[in-house]
Every structure is written in C-alpha cells, then in structure tokens.
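Okay, so subunit A shows up in both of these, paired with subunit B first and subunit C after.
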Partner chain A sequence: MLQLYQVHLSLGGLKILQQLSLEIQEGKITGLIGPNGAGKSTVFNVVTGLIPFASGSVKLRGQEILGASPDQVSRLGLMRTFQDSVILSQITVLENLISASPLLRDISLAQVFFRSAQTRQRKAEAGAKALELLGRVGLEGKANSLAKELSYGQTKLVEILKVMMSEAELIFLDEPFSGLYPEMIKVIQSLIYELVKKGKTIVLVEHNMKLIEEVCDRVIVLDFGEKIAEGTFAEVRKNKKVIEAYLGN
Partner chain B sequence: MDYLLHIAILSSIYSLAVLGQNYASGYTGLISINHGAFMGIGAYAGAILLKWYGVPFPVAFLAAGAATGLAAWLLSFPLLKLKGDSFVLVSFGFSFIAFNLFLNWRGLTNGALGLKAIPGPELVNLLDNTKIIFLAILLALILITLWGLHKILQSSYGVVIRATRENQKVTQIAGHCTDSYRRSVFVLSGVITGIAGLFLASYISTIDPTLFNYHLSVLLLIMAILGGLASLKGSIAGATLLIVLPELLRFLGLPNSILAESQQISYGLILILLMYYRPVGLFGTYKI
Partner chain C sequence: MQIILNGLIVGSAYALMGIGFSLIYSTVRYFNLAYGMVAVIGAYVAYTLMNSWSLNYVIAMLAGALVAVLIGMLSSSILFKPMVRRGGSSLVILVASFGLLIILQNISALIWQNTTRALSISDRILPGYNLFGLIITPNQLMIGAVALLMMLILELFLKKTRYGMAIRAIGDNQELTKVLGLKTEQIILAVYVIGTFISAISATLIALEIGIRPTHGVTLVIKAIIAAIIGGLGSIRGALLGGLLLGVAENLGIYFLGGQWQDTVAFTLLAVFLLVRPEGLFAKKRLVSVN
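Our next item is the complex of A and B:
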C-alpha cells in the first residue's frame, strides 16, 4: 500500500529521518512506535506532504507522492489525525465533518450561483452522512454546536469521524487514545476496527503499549529516525534494540 | 436633509467596501491592509472610462470590478505564499505602490491634480433628486452583495472557506486546495471594494491619489474589526459608525484647524478601546 524508500530528512544539521525504508501492508493496522523524538509524527508529516523537503521516495499504491501537496496526497486516498487535536473550533461540529467529505471538493464559486441545486445536494448528502456518524457515537445533539464547545475526548472522537467521512483508504492516526478515559478509548477502538473491516489500512502512533499490542497486526519501531525493528508486537518486544531504546525491561 | 443623505451615501459606499474587506479578512483570515488601494484602482479605472471615454456607467462599473479583480489576482500570487505578519506587511506595501502609481502615472491618472468632474450613473443624472437615486442604487447594490456573500458562505464552498480560516493545514489534509479558495476570495473581495471605489469617485466627482493612500486601507480594516470580523452586518455597522461618529464631532463646535485631527484621533481611540473591551468587535466572532 505504502512504501518509504531511503527517506532522509535533516533540519538545521539535525538528522530527523535517516535513510528510512518501510512498508505498510494493505488492510492491516500497523503500529509505529518509538521514544519521543524518534520521528514517528515526522513520518506522517513527510508522507502527507506537510514537510515537502525530504529526500528519497514515498510511493502510495505505486505512485510517487514525495513532494506532493497535502491536498494532492489526500485525493489519492490518505487521511490523518494530529497528535494535538486540531478541531476547527469556530465552525460547527457538523461542518467539521462535512469539510472532510470528498463531496465538497472542487466546488467553484460559479457553481455556487449557477449550479446551486447540485452543490446544495452535495452538501446535503455529506450532511446526512455526518449526522449518521455523529448519531452512532451519541454526538448528534452537538451537530450544530461550535466545535470549541466539545470536550477534549469529543474532539478526538470527531477527528476519527472526519477520517470516516473522508473515505480514505490509508489512514494515519497520531496518538488517537492519548489523554482519554477508558470508555472513550473503547469507542475509538471500535471505530478503528470498523474501518479495518471496511478494508482500510491504518497506521497508528501510540505510546500505550497495551493498546498497541491489542490493536496492531504489525509494529514498526523507530529510534532517532531509523527503523530498528519490525514484526508482531510479541516479536519486537523481545528485540534487544527495542528494549534498550524504548520498552525497557 | 441633504446633509443626512450625504452621510447615508458615504456610509453606504464604505459599507460596500468593508463588505469586501471583511469577506477576505473576516471569513478567510486574510488580514490585508491594501483594500484602500483596491478602492483607488476601481475609482480610477471607472473614472477614466467615464470621463475620458464617455462610456455608460454600467460599462465603467464592470471595468472597475474587472481592473480591481485583475490587480487582486496578480497580488494574490506573492501574497498568498506568506503568512501572518509577512502577509500583513506585504499587503501594506502594495498600498504604497498603488499610491505611487496613482500619483506618478500622470498620463493616466493626471497625477497629484487628480480627475475632476467625473460623471455619475446616467439614471441619477436623468432624475431630479440625484442623491436619493444615488443612495437607492447603492442600497440595492449592498443588498445584492449581502445576498451573494450570504449564499457563498452558507454553501459547501463557504464551509471550505471558513474551514481554511480555522486551519489551512487541516483543510488541505481533507483534500482541499486552500490556495485556490483563498485566491478566489481575495479576488472577489477586491472586486467588491473596487466597485465601492467607483461609486466614491462618481459621487464626490473629484478624486486624487491622497484619497487612496494607506490611511484608507487602515480605515477599512478598522471598520471591519469594529463591526466584527466574519460578520456581514458588522461590516455595515462598522463602516456606518466610523462615518457617523466623526461627523458628530462637528457639532462640538471645534475649530476647523483641529477638527480633521480630532477625527483621526477618534479612529485611534475607538480602536484602542475596542481592543481592550471588545476585541471581537460589535458583531464578530473572531479576534484579530
């Protein structure tokens, strides 16, 4: 699904990613773990086009995407969440969700006036799907509230719903469980499983190893921008390098 | 009555200009200090055609919009590459460039002497009660602009614009080419403000470069902030208040020598008080 080949990134003389090569398998949940500063979120930023100046090669379904803009990458079927929740706080929860829908892409100003029925229809379809998703997690009552009124846990939930709205095939989740209480973790976990059932591919950055063990099919371990291990969680937890760099005894 | 009509017309012209400013600065977060220059481009483009080529007012109207739209489109390429303070400063720089063009491109603008006896809309000239007709045309235009902007902002397109204002990175990640949205907003915003410039030129019938210097750009932004960023009614309220309040100073019996300065000071004071006590403006939701 996704291949990184010798991806290298230096910032101000500091090597952030060092000739990193890895592959993400289709239809699986892959955990990307490692200590703080290992380069996990940087991998997400490079692949999604937010950091455009890395070298090497990144291929999504065989297509080179390194250097592509975030919107171009997104249109190829990749969506992500962020470590620090970045909900669009001054628009409604419903608008947050529909802004992620492919139905809202490529609408021109002329279409607003000259094909208004069609654009209204697209917005209505996206709105119906968004309401359905909000209903499934009990947030339908918040649909027309400004997103800034949501609790921290609810914003994390809305971010996952945005991913579901996007219909992306490859999904990067950056610490989706951090700071959440157990019930909310279960809700998000069930949404992730649902995405996988639909054939989506997920890459998960998370520091809670219990959750990584529970959720991930495979795990890739990074340290100082290098891949130091890969395999099932049971395999990597026995790896000496991983124990030294991250997991400890 | 004539004086009240005069104030109403000026308020309407500036309301139209501030609707353009607020569409860019309020709804899309493009805090630009160049809309005074856009007003000048619209004013000069329309006035030159009306005065020297004798075109009908509707043609001048379209030309004013087109000239300002083109200027905004060209400016958007360097400007939209920038963010935050750099964006503000470069847009401010454009105000100086435009002012110098108005001043020094004498063959076109008549330089510091400006253009005089600029004709108004034919409909106004045909009828007796010129100011009322002029005001009616302006109000109709404001209503059409309000309707159009409301329609845009409530549409799918508007959702993406407002999402872009909130966080450009997140909106891009959702698959939207935010620069093309921001560019189209900036151009339409310029068109609206440019058309307001044409109405100013044809109303006061005499323009010169000093009318469109950076003071005007700052004033339009202050009007938008006072009314409230991302608020259509706030645009009208902000413009009207800053036209009407300084006029009230006339009734304090101040000598003419200090009246003009008092008006400038009142703009500054209003802005300072606003930032302290109501940073979102009268009807706005965003702080600058």
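Our next item is the complex of A and C:
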C-alpha cells in the first residue's frame, strides 16, 4: 500500500529521519511506535506533504508522492488526524464533517455560479451521512454548534468521523486515544475496527502500549529517525534494541 | 436623522468594500493595497460605457465589475500567487500591491485624466423621495438597495453553497483544508473573483456620491481597511457593521466639523478601535501577545 524507501530528513544539521525504509501492508493496522522524538509524527508529515523537503522515495500504491502537496496526497486517498487535534473551529460540527467528504474535494471554479441537481443531491447525501455518523457517537445535538464549542474528547471523535467521511483508503491516526477517558477510548477503538472491516489501511501512532497490543496487527519501532524493529507486538517487545530505546542501556 | 441616514447609505457601500476586502484577507492573509484601485477601474469602465455607449447604470456597473474581476484575477495569478509560492512574506506582498496600485493609478490617469468624473443613474436631476420626513435621492436609493442586495446574496452564497463552505473553511485554517484535499488555490482565485466583483460594485455606487478620480483607489482601500479592522479582520458581519459605523461617523464629522475633517474622523475612529478594541467588533480570534 505504502512504501518508504531511504527517506532522509535533516533540519539545521539535525538528522530527523535517517535513510528510513518501511512498508505499510494493505488492510492492516500498523502501529508506529518509538520514544519521544523518534520521528513518528515526522513520518506522517513527510508522507502527507506537510514537510516537502525530505529526500528518498515515498510510494502510495506504486505512485511517487514525495514532494506532492498535501491536497494532492489527500486526493490520492490518504487522510490523517493530528496529535493536537485540529478541526475547523469557526464552522459548525456538521460542516467540519462535510468538508472532509469528497464533495468539497471535487469542487470546480464554474460551481461558483452554477449548481447542478447532482451537486445538490451529493450535498444532501453528505449531510445525511455526517448526521448519521454524529448520531452514532451521540453528537447529533452538536451538529449545528461551532466546532470550537466541543470538548477535547469530542474534538478527537469528530476527527475520526472526518476520516470516515473522507472515504480515504489509507489513514494515519496520530495519538487518537491520548487524553481520553476509557469509555471514549472504546468508542474510538470500535470506529477504528469498523474502518478496517471496510478494508481501510491504518497507521497508528500511540504511546499507550496496551492499546497498541490490542489494536495493531503489526508494529514498526523507530528510534532517532531509524527503523529498529518490525513485527507483531509480541515480537518487538522482546527485541533488545527496542528495550534499549525505551529503557536505555 | 438625515445625517445618520446619509451616513448609513454611504456606509452600506463602504461596508461592501470592507466585506470584499475582508473576504479576500480571510483566505490569503495579506493586505492587497491595489484592491481599491482595481475597483475604481471597474467604476471608470462603467462611466465610459454609460457615456460612450449610453448603457443603463446597472448594466454598465456589472460590465465594469467584470473588467475589474479580470484585473483582480490577473493580479492574483501573475503577481501575488507566485510570490506566495516562493515564500514571500505578507510585507513583501503588501509592497508589491502598493507598486501595482501606483501603476494602475497612473494608467487610469492616462486614460481618464486626473479629474473627477461625475456619475449618476440618470442624465436628468430626479426629485428625491420623502421617507418619514427624511429625503433620500434616487442615487442614494440605488446605493442602499444594491448594497443590501449584494450582502444578502453573499450571505446566502457563503452559508448555503458548498463553495461558500469551502471559503469559510479556508478562512478558518488553510493548512488543514489542504490536508482535507481542498483545492485551496482554486478556491482562493474564486474568492478574488467574488471580492473584486463586490468591490467594483461598491466603487461604482460610491462614485454616485463622490465621483471618480484615479486617487480614489487609495481612498477606497483605506475605507475598506478601516471597515474591516473595526469589524474584526476576516469577519464579514464585522466589515458590514464597520462600514456602516464609518459612514455615519464621517457624515457626522462633515456636518459638525466640515468636509475637510472627513478623513480625520475616519482615522480617529480607527485609532480609537485600535486602542480600545484592537481585535475589532467580531474578531475570529482575540489577539494575544506572543511574548
């Protein structure tokens, strides 16, 4: 699904990613773990085009995407969430969800002046789907509230719902469980399983190892921008390099 | 009351000017000083079409606005967008837009001379209407009606269409909308089209009150900036109120102090807001110190 080959990134003489090569398998949940500063979120930023100056190669379904802009990457079917939840705070919760749907990605200049029946139909469908998703997590009452009025946990939920609206095939989730209480974690966990059931591929950055063990099919461990281990959670937890990276020598 | 009514009418045109400016600023996040001058060229084209081709005021105004839109799109595509792509700061773009303002102002002076051109909806002097004891001229009625209509259309467009939703989303967080896959550059171009169209309509309306001069490009962009800052930069509703407030304040200033104090009143109003409420009436985010 996604291959990184010898991806290198230096900032001000500091090596952030060092000839990093890894592969994400289709239809699986891959955990990307490592100590703080290992480069996990940087991998997300490089792949999604937010950091455009890395070298090497990043291929999504065989297509080179390194250097592509974030909107191009998104339109190729990759959607992400952020460590510090970011949503569009000045528009409504419902509009946040619709803004992640393909409806707004397909927009053309001519549509400033003309609106076809098909467009109206698609807008209605996107609205209905967004309301249905909000209803499933008990946020239907917030649909017309400004997103800035949501709590931290609700914002995290809306981020996942946006991913579900996007119809993306590859999904990067950056610490989706952090700071959440157990019931909320279960809700997000069930949404992630639902995405996998639909054939989506998920890459998950998370510090909670119990959740990584529960959720992920495979785990890739980074340290100082290098891949130091890969395998199932049971395999990597025994790996000497991984133990050293987390606990020190 | 008559002074306040006059102020509200000219203020509605200022509000349109401020709304267009605010709309563009909310998505591009830089000041375009040529904004008012492009609008004035739209008004000049309307003037030419009315006088040379005897076109009706409204049709000439729409045709002038289309010419302004073309210049606005060209300035965005040829000048500002490449600068943004090369990482040009908002200050660099501000200076470039000032350069564009000077060029367009001089071209306008060459074509239409450096004199005031009067514009009216009719060749004849039409009687004013009596509205509960207040007099409203046909020109003023045109200004108020068109400004109100434009604002309503814009409000509906921004609230009800997906393009409007995309514009508001970009105004909120452009980086995030890129991650969501929105074609931000294309949407920003659309914002330029809409913002410039509104500004040219506004300039042609204001010309009914003060005529058209090449130097009005500077005057109008300053009015737009004051209206936008008073209202809260990036806020459409704020620019509307800011424009109305500016129009009333200026007219009260003219009545009590004299016409030569018009700009002083406008800048005093701006200074008061910057001191007391720098984020404006409807700021999207309250300004905070980084230190």
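Criterion: the second predicted complex is superposed on the first by the 239 of 249 C-alpha atoms of A that agree within 3 Å, B and C clash if a C-alpha of one lies under 4 Å from a C-alpha of the other, contacts with A are read in each partner's own complex, and residues count from 1 in each chain.
By our rule, a contact is a pair of C-beta atoms (placed from the backbone, for glycine too) under 8 Å apart; a residue touches a chain by one contact, two chains touch by 3 or more.
All of these numbers come straight from a predicted model, not from anything done at the bench.
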{"item": "Simultaneous placement of subunit C and subunit B on subunit A, clash or fit", "value": "clash"}
{"item": "Touched partner set for A:85, first subunit B, second subunit C, both or neither", "value": "neither"}
{"item": "Subunit B versus subunit C as contact partner of A:98, first or second or both or neither", "value": "both"}
{"item": "Which of subunit B and subunit C A:116 touches, first, second, both or neither", "value": "first"}
{"item": "Partner chain(s) touched by A:154 [first = subunit B, second = subunit C, both, neither]", "value": "neither"}
{"item": "Touching partner for A:42 - first (subunit B), second (subunit C), both, neither", "value": "neither"}
{"item": "Contacts of A:166 with subunit B and subunit C, given as first, second, both or neither", "value": "both"}
{"item": "Touching both subunit C and subunit B, counted on subunit A across the two superposed complexes", "value": "48-50, 69-71, 74-75, 79-80, 86, 88-91, 95, 98-100, 102-105, 107-109, 111-112, 119, 123, 162, 166"}
{"item": "Touching residues on subunit A, where the partner in the complex is subunit C", "value": "48-50, 69-71, 74-75, 79-80, 86-91, 95, 98-100, 102-105, 107-109, 111-112, 115, 119, 123, 162, 166"}
{"item": "Residue numbers on subunit A that touch subunit B, as the complex places them", "value": "48-50, 69-71, 74-75, 79-80, 82, 86, 88-91, 95-96, 98-100, 102-105, 107-109, 111-113, 116, 119-120, 122-123, 126, 162, 166"}
{"item": "Residues of subunit C that touch subunit A when the two form their complex", "value": "161-163, 165-166, 168-169, 171-173, 175-184, 186-187, 189-190, 193-194, 284"}
{"item": "Contact set on subunit B toward subunit A in their complex", "value": "148, 151-152, 155-160, 162-163, 165-167, 169-178, 184, 188, 285-286"}
